[in-house]
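So that you can tell them apart, the chains are marked A, B, C, D, E and F in the order they are listed, and the count of residues begins at 1 in each.
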Amino acid sequence: MEDVKKIMHVMRRAPHGSIYTYEGLEMILIMAAYEQDLSVAFIGDGVYALKKDQDTAGIGIKGFAKTFMALDGYDVEKLYVDKASLEERGLTEDDLLVDVEVLTSDEIGKLMNEQDVVIPH
Amino acid sequence: MLHTINKSPFESTTFETCVSFVQPGDPILFLEDGVYAVQAANRFSSRLENIMKTNPVYALQPDLSARGLGAVTDGVTTVDYEGFVDLVEEHQVNTWL
Amino acid sequence: MKIGILLKEGPYNHQASDSAYKFAEAAIKKGHTVDAVFLYNDGVTNVTKHMDPPQDDRDIAKRWNELGEKHGVEVLACIAASKRRGISDEVIIEKGEITGLGTLTDIAIRNDRLVTFGD
Amino acid sequence: MKIGILLKEGPYNHQASDSAYKFAEAAIKKGHTVDAVFLYNDGVTNVTKHMDPPQDDRDIAKRWNELGEKHGVEVLACIAASKRRGISDEVIIEKGEITGLGTLTDIAIRNDRLVTFGD
Amino acid sequence: MEDVKKIMHVMRRAPHGSIYTYEGLEMILIMAAYEQDLSVAFIGDGVYALKKDQDTAGIGIKGFAKTFMALDGYDVEKLYVDKASLEERGLTEDDLLVDVEVLTSDEIGKLMNEQDVVIPH
Amino acid sequence: MLHTINKSPFESTTFETCVSFVQPGDPILFLEDGVYAVQAANRFSSRLENIMKTNPVYALQPDLSARGLGAVTDGVTTVDYEGFVDLVEEHQVNTWL
């Protein structure tokens, strides 16, 4: 299909300190209905967005970590996590809420280069 | 003087900048994305242990919970918003953004 | 103790506004007086009455308004910062007020503490 | 070439809005089509008509409005982000429009480039 | 005078990328009329605010570097610059628009501790 | 793919993060506070020289001028907004914020 675009969303911020990850997720959920070739890369502090056991009751902000689990139902299945970012933060795949593909920075860089559009959040 | 830090040390140099101005004895409170600094066994743990030889270190529990962070580096005291208020009652505040 | 708050970021986009609110709430609960919340930089956008967040989310403007109503906290937006960002008397919540930086100076002078929240 | 712009920060507080404008201006000058400026996150506050900066400073809302008038650039604010931040039809500039994220998807699909500005 | 407060403004951001330094300066100019004991500390990227030869015509933003030169006329004379921040950025006092006192981080830290109010910009 | 960086490398880790994903041959454009990275003879100069072995590096002249930055590290090409547009015409864009 000629008019399917490859669109990658890049999550680079920690959750809750700012809204970028949350509004990024809202964008992805809408875009998912348009049958484009979507992917999401979690790099740097973006990997924290997927951390298990987030409980935002105490800060009075609506939590959204579980919404990442809904991505699968929207056929957003290409979730890439940067290996170096995870390791630098002392995290492993077991700490994450959803199944992801853990890739090296170079591998994610190569995927970025195949995109028609990259949207930073 | 109470120093507060709200930035992730992985993304911002605020933590390092603040530490070079803090005087011995003054408390440091990590809040918001700043709490990633006190997550146990990360690469800032030894830096923090060093700081705690001269300065008490606190972290805001609601921010830790919101981010799913369980264990904190040994010696860090967790406080809730009322504990934050107590610290402000005891000290003038220097907010590092 | 008498506390002034300086809030330098707008609602939702940064946690600053939520942290300031939670701090103010806790201070009041502990018997302190929260004298004023002074809004500066993008912080002035905290008090627009047109805010309409999703039903299951907090309403930040309404929350500041209630803090003014119930606890007499002055909610003040800097006029110069407001004008730049399109915050005017036409859009401001009932308990909000647009004022000058001289007022912030008074707040800094008359309170035991000035606590800043921002990004 | 046909270019879409995504602007993620509000006016004045960050340079993003100025950079986006300067880039759009240069692209138009070089004969490209700037299809749309889509405002997201705090970016939605770029289009409030109550903006009133000092006389010797740029008027950012007016500048976007003129880009719409003179060059047919669509200036679009995301509805969900706008509602949170108190941006509604009551406060928006003439050439501004509040729309959904589906429109951004269309913009991403129909343009040769999507260029993002933010903080 | 008992009700003179010691108020320090801390400039930590580069100019133009964000408005914090500029709106900070506006705040200082107003506060100067209130006869408090004001000082301004430039640390980290804040030292760039004082860099000579800033010409903002090309970015379409009003410049304000020269307003720092007006501080003296408002009796704001305590301008402290962090030595380490200058050196790290390859700058010397000669690169700065105004006369300042260059201090070590520890010296500025000690001054901070004497303040009744510290306002970050 | 064109990579743009708008953060000061002294305050943010965006520069280092970006560089670890950039592919050989891809241009990097510094703008806004990002231009402090290309100031001649600062502590990022040798890092930049290393990057320029594989990637062309640009900086936005209006942002350099606004900040009073004169000399840039050897090998860095300065462009105006039209030069920025030219780069965007040649490449898809990856904005690092």
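Following the convention adopted for this analysis, contacts are C-beta pairs under 8 Å (C-beta built on N, C-alpha and C of every residue); 3 or more make two chains touch, one makes a residue touch a chain.
All figures in this text were calculated on a predicted structure; none of them were measured in a lab.
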{"item": "Any chain in contact with chain E as well as chain F", "value": "B, D"}
{"item": "Selected pair, greater C-beta contact count between A-C and B-C", "value": "B-C"}
{"item": "Chain whose Cα centroid lies at the greatest distance from that of chain E", "value": "A"}
{"item": "Inter-centroid spacing, chain E versus chain B (mean Cα positions, whole Å)", "value": "26"}
{"item": "Centroid spacing, where centroids are CA-atom means, of chain B and chain D in whole angstrom", "value": "38"}
{"item": "In chain A, residues with contacts to at least two other chains", "value": "16-19, 44, 59, 61, 117, 120"}
{"item": "Residues of chain D whose C-beta touches two or more other chains", "value": "8, 12-13, 15, 19, 22, 41, 54, 57, 80, 114, 116, 118-119"}
{"item": "Sequence positions of chain B contacting 2 or more other chains", "value": "6, 10-11, 13, 32-33, 62, 80, 92-93, 95, 97"}
{"item": "All chain pairs that touch each other", "value": "A-B, A-C, A-D, A-F, B-C, B-E, B-F, C-D, C-E, D-E, D-F, E-F"}
{"item": "Complex contact set, residues of chain A against chain B", "value": "13-18, 44-45, 48, 51-59, 61, 63, 65, 88-90"}
{"item": "Of chain D, residues touching chain C in the complex", "value": "10-13, 41-42, 45, 48-54, 57, 61, 80, 83-88, 90-91"}
{"item": "List of chain C residues in touch with chain B within their complex", "value": "1, 3, 8, 15-16, 19, 22-23, 25-27, 29-30, 32, 113-119"}
{"item": "Residue ranges of chain F in contact with chain E within the complex", "value": "6-8, 10-11, 32-33, 36, 39, 41-43, 61-63, 65-70, 80"}
{"item": "Chain F contact footprint on chain A (complex, rising order)", "value": "10, 12, 43-44, 84, 105-106, 108-110, 112-113, 115-118, 120"}
